[in-house]
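In the two assemblies presented below, subunit A is common to both, partnered first by subunit B and then by subunit C.
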Partner chain A sequence: MQQAQILSTPTRLRPGARWERFQRRYAPYIFISPFFILFAIFGLFPIVFSAYLSLHEWQPAAGLGSMKFVGLRNFTDNLTDPTFWQSLKNTGIIALESGIPQHVIAIPLAFAIHMGLKRVKGLMTALYFLPYITSVVAISVIFVTIFSWQYGVLNVLLTWLHHIPLIGGLFPAEKVNWLGNRAFVQPAVASVVVWRYVGWNVVLYLSGLQAINGDLYEAAAVDGATTFQQFRSITLPLLRPIMFVAITLTLIGNLQLFEEPYIIAGDSGGIGNVALTTVMYMYRTYNFYSDAGLAAAMSWLLFVLIGVLTLINNRVFGKSRLSGAD
Partner chain B sequence: MKKTLTVLTLALLASVAGAQAKKTITIGVFPDLDSVVKAALPGFNKLYPNIEVKINSLAYADHHNALTTALATGSGANDVEAIDFGYVAKFAEGGGLVDISKAPYNAGQYRSQFVAYTFPQAITDDGRMVAMPTDIGPGSMFYRTDFLAKAGVKPSDLNKSWDSYIAAGKKIVAANPGVFLIPDASEVESIMIRTGLKPGEGLYFDKNNKVLVGPDSPRFVQAFTVAKAVRDAKLDGHAGAAFSSDWTTAFQKGNLATEVSGAWLVGHMQNWLAKDFAGKWASQQLPGNSFTSYGGSFYGIPTQSKNKAEAWDLIKYLTTNADQQILAFKTTGAFPALRAAQSAPLFNEGVAYLNNQKARQVWRAAANNIKPIDVNRLDPVADQITNDALSSVLDGTKTVQQALADAQALIQRRAR
Partner chain C sequence: MSRAAALLLLGLGALITVLPFYFMFVFATHSRAEIFNLPPPTWFGDNSAANYTNLLGKVPFWRNLWNSLYLAGLSTMTTLFFCSLAGYAFAMYNFKYREALFGIVLATLLIPSALNIVPFALIMQAFGWIDQPRALWVPGMASAFGIFLMRQYIGSAIPKELVEAARIDGTSEFGIYRRIIVPLCGPALATLGLITFINSWNNFLGPLIIFRSVETFTAPLALRSIQGLVNTDWGALMFGVALTVVPLLVVFAFASRQLIEGLTSGALKG
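Moving on to the complex of A and B:
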């Protein structure tokens, strides 16, 4: 009898208790649901839609009804398009030209700030970080006026230097058309990228340096190691994990370069298309050529490329070597 | 009691009917066209007191992007949409815009009242008309009278032929150190490929979608060759596209002898581009008897609009009403596409900025000489590829023949 009573208890629960149980079981899902709903709308849906789109031919202005399934044709069309390959080559060159200097400058700079400028570290970090948080459009517009052929500050400076006796011969007599000459466009774009991201990397490396035990430096100093020896034998190896993070971020960012070349070289991609990055070409294909399917396929090709390069980076810099004996 | 009730009911019914008769429609525009519409509304409301118009103005690119999205998804478009010339072909695809050549619109009846080249620009290959023209940009050459005088060059030397343009240009540049004849050599090419088209030919494609760009096309070979001659004679400022920073600065610093553009450029020049050089600029026809159009605006009705009749009333008022077209010209300098508006007394007045030259007559003559050019959906693709080819000719990377052969191959790839 008693047992039966116990068994039947749940059915005779107070209505309030049922509500409590419901709350306990489901409320967390409701509270967490905004994230999943927003992610589904703004994150998942565009990804799935662009995958769907990459298999179709579609001119957006003609309406959703005009989508036509074309299979993998968009992918093969992109892979046989000389301009697509040129855009990949441009992206690669600009990525290297801007990626390598970023780290070559940022690592010693972070080390110098960490070791020598302890008092003003906060100020220096803020100063270097400033370009990163400034609007990229504003930065690029300023660089355009610096690089301008007839009216640019850079050429004014070079002309002025040219007129100084003795060293004048080192500088060009005529104004250099920085953005109108194939050889200079990519370095010009890269210099803006470097200028913008060095600060970001300095901050990353500074945080990495803080994690290195100060005793190591003290011990090395006692042993008579110079600052350079300390940098080479302590800082560089121990910075490896943060270098992996920083280089991965640079890799992904540089392969998706858009704003800097777009504003500096114009939407035409600059003289001879040398500043046409893959993302710019994707934008051009969608916006000017109205070929949404082709652009979507291009974005997936770029995704695959970034994935492969990140994997390679992972092999070179990644975990397997992090815990290594060295 | 019963009587009052009846009266009340009647009054109520009347007011409901009144409210129903008053319809609100929306019009999507971009600057400065929004000022034109704003100025037009008082006059429009006098004629159509039952239609209320709401203006949705967005920046130029945003407006067209929003319209693309609205047409793609089938919702969110305004009842009337302004469309810049460069976008007409793109929006003509599919069934997003109403065919106004059909009843009840029958836009074809107005064709003879408009500048001849405007209507064909809005008519698709399969004969649908997707938009009404409102303003146009007849091409014109602007030149600095003081630089010409100093070099002893007559204005007619500049527009007799392209050869004489280059010869006169060399004299001007020699007499005025630091001055450029033209902001960019590519502007020469873009005029030249727009002249001498055979019937049924578009800029880059003919009626059967055959690619017209190529090393065997005299039109492109000549255009590329002359542009290269301008560059080689060091006459241009390498400024790139119009409104680039070098282009703007060249105007502001005043070291530019000529520019070829739409008549609308004068508005920009007097307001901000070349404010300090008022009275020094003048206008004449383009070199070599060329007449081309630099843009223009249209109004279309999206098929998704629920107020098509009222939308058409508004479009008709904005485009076919001569007084309104004159008002638009006064408001922003939007050159009327309606011929009746071009005989307004205003056209015989001098333009203060151009030293009171009666330049509007020059532009009117140009407008009525411009030939229609067939548009093609792939024009933007061909335009980009041809421009890239030209830039590699200008900087000496490729020969004219080679660049055009490469461009032809690239465009043919796209024309699938």
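Moving on to the complex of A and C:
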């Protein structure tokens, strides 16, 4: 203690020293402050404001004075609105139809790239990643023409496949009205989402695979395990931590789908509203019905749903993640 | 045998992935009538010039592309600066509440963006920033993901002794950032820059809320406005789509390795 005092005495005499100490102590706070200032204004405040808003009836065009406290009415209004429930159902179905295939395709794909194809690894990963970096709007526009009923490339291809002997029976004889038939709109939207995110997941899973010790595979091969057995008993269990991350990201992203259904099925939500997702409905409520309070309440309901599903996912994958790490 | 099967499946998957891009470029060279012909065109046509003229007749597309570039460029530069600065602070200093503050940064990643849509629109309305590009680039000046990425990189790639040595030599704290951290952060800055640029270039919902007049539209918004017309000129639209996507494809062709490696190592070290 005394020594420190003695040491600090001469530094006090040097003119620049105090400034040096001062800036060393406060520099980190100054360096991180831009993010926190931005977050306070554009992140935290909007969330608090949106919570406040969800308890009020408000048409933004009428000015702040017209805000009226209505308690939980916006929430009960949403929960008794059949269209809101339909939008949730649509979101859930599209999220499942696009979420499950994404991972079912990406995991074996990443495994195949990692195990046997080191030479084409870079090229393959880049190709599969390509849709992820491309504008959803651009891609969705292309898919609208590809899905087109009478003249779309997809239907032409399917018809052509139908005429091949032996496997032809697997493909439809009639042209499918992808965007004009209730039953096919959701799978059509989901397939675009799958197409877009498989590469992203492949990259995630490749990073997970690289972390698995190669000796394990060698030992298993010596014991006579087939590639499939190695995949099942080594790769899948050890991939769990990264699966948890990837599935969490898919869950959060898929429950907030907006652009793909908006462009492919149109802002009306497509035939019979089957592609109207909750975020689309929220945007409509705010933008066209100018009901800011109702839209804010809707976003909180969606937030709760995302939170609950994330927790469940945490229970299912998060726990085994711990045991996997041990 | 199984290797050949794997290669075949991978190749087929890659084909499905790339085919829509191929049709995008093929359709960009055909008229609307040709695109919706039976069978659809599978090779390039000769209608590009007309598509280009029609596109410019509908929207000021070069202006829209410039708007996208302006927004993406500004967000990228500011994000690189502020995120590397914050990443440096989190990686190289011991300060009070460091862990808690970094925890807050990470927690913000989990907030669903849907929660923000309505208040974001209202705040921008209140600021009078509707139809102003700053409504998008100012909030986009720093990102939690960027801080996370930069901290991981700086913490693992730059030795603390280097910073200490510079400090003893009398370099100021910001001087250390500028003369030591930034020059050594090349790979991480490149990855973060690419991600930020791509995300901004492809952003749709933000511009949809902010921009009202076609002069301020970004490229994706302009494309959407053409598609919304009753009699969509699909040839012109496809030409616009191709013009929007080509810069990204070029950048990606040069930087895909860097981008993917940066992303995977960032995910791994988390």
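Here is the rule we use: the second predicted complex is superposed on the first by the 273 of 326 C-alpha atoms of A that agree within 3 Å, B and C clash if a C-alpha of one lies under 4 Å from a C-alpha of the other, contacts with A are read in each partner's own complex, and residues count from 1 in each chain.
Operating definition for what follows: contacts are C-beta pairs under 8 Å (C-beta built on N, C-alpha and C of every residue); 3 or more make two chains touch, one makes a residue touch a chain.
Remember, it's a predicted structure, so these values are computed and weren't measured experimentally.
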{"item": "First (subunit B), second (subunit C), both or neither touched by A:T125", "value": "second"}
{"item": "Contacts of A:L109 with subunit B and subunit C, given as first, second, both or neither", "value": "second"}
{"item": "First, second, both or neither for A:F258, with subunit B first and subunit C second", "value": "second"}
{"item": "Contacts of A:F288 with subunit B and subunit C, given as first, second, both or neither", "value": "first"}
{"item": "Which superposed partner A:A62 touches (first subunit B, second subunit C, both, neither)", "value": "first"}
{"item": "Touching partner for A:R182 - first (subunit B), second (subunit C), both, neither", "value": "first"}
{"item": "Touching partner for A:Y151 - first (subunit B), second (subunit C), both, neither", "value": "both"}
{"item": "Subunit B versus subunit C as contact partner of A:M243, first or second or both or neither", "value": "neither"}
{"item": "Dominant toucher of subunit A (residue count), subunit B or subunit C", "value": "C"}
{"item": "Touched partner set for A:L206, first subunit B, second subunit C, both or neither", "value": "second"}
{"item": "Residues of subunit A contacting subunit B in one complex and subunit C in the other", "value": "60, 141, 144-145, 148, 150-151"}
{"item": "Complex contacts: residues of subunit A adjacent to subunit C", "value": "23-25, 27-29, 31-32, 34-36, 38-39, 41-43, 45-47, 49-50, 53, 60, 105, 109, 112-113, 115-117, 120, 122, 124-131, 133-139, 141-146, 148, 150-153, 156, 195, 198-199, 203-204, 206-208, 210-211, 227, 242, 245, 252, 255-256, 258-259, 263, 278-279, 282-283, 286, 292, 295-296, 299-300, 302-303, 306, 310"}
{"item": "Residues of subunit B touching subunit A in the complex", "value": "65, 67-69, 71-74, 90-91, 93-96, 237-238, 240-241, 244-246, 249-250, 253, 255, 377-378, 380-381, 384, 387-388, 391-392, 395, 397, 410, 413-414"}
{"item": "Subunit A-touching residues of subunit C, taken from the complex the two chains share", "value": "2-3, 6-7, 9-10, 13-14, 16-18, 20-21, 23-24, 27, 35-40, 82-83, 85-86, 88-90, 93, 95, 98, 101, 104-105, 108, 110-123, 125, 138-139, 141-144, 147, 167, 172-174, 177, 198, 201-202, 204-205, 219-221, 223-224, 227, 234, 237-238, 241, 244-245, 248-249, 252, 256-257, 259-260, 263-265, 267-268, 270"}
{"item": "Subunit B-touching residues of subunit A, taken from the complex the two chains share", "value": "59-66, 80-83, 141, 144-145, 148-151, 177, 180-182, 266, 268-269, 271-273, 284, 287-290"}
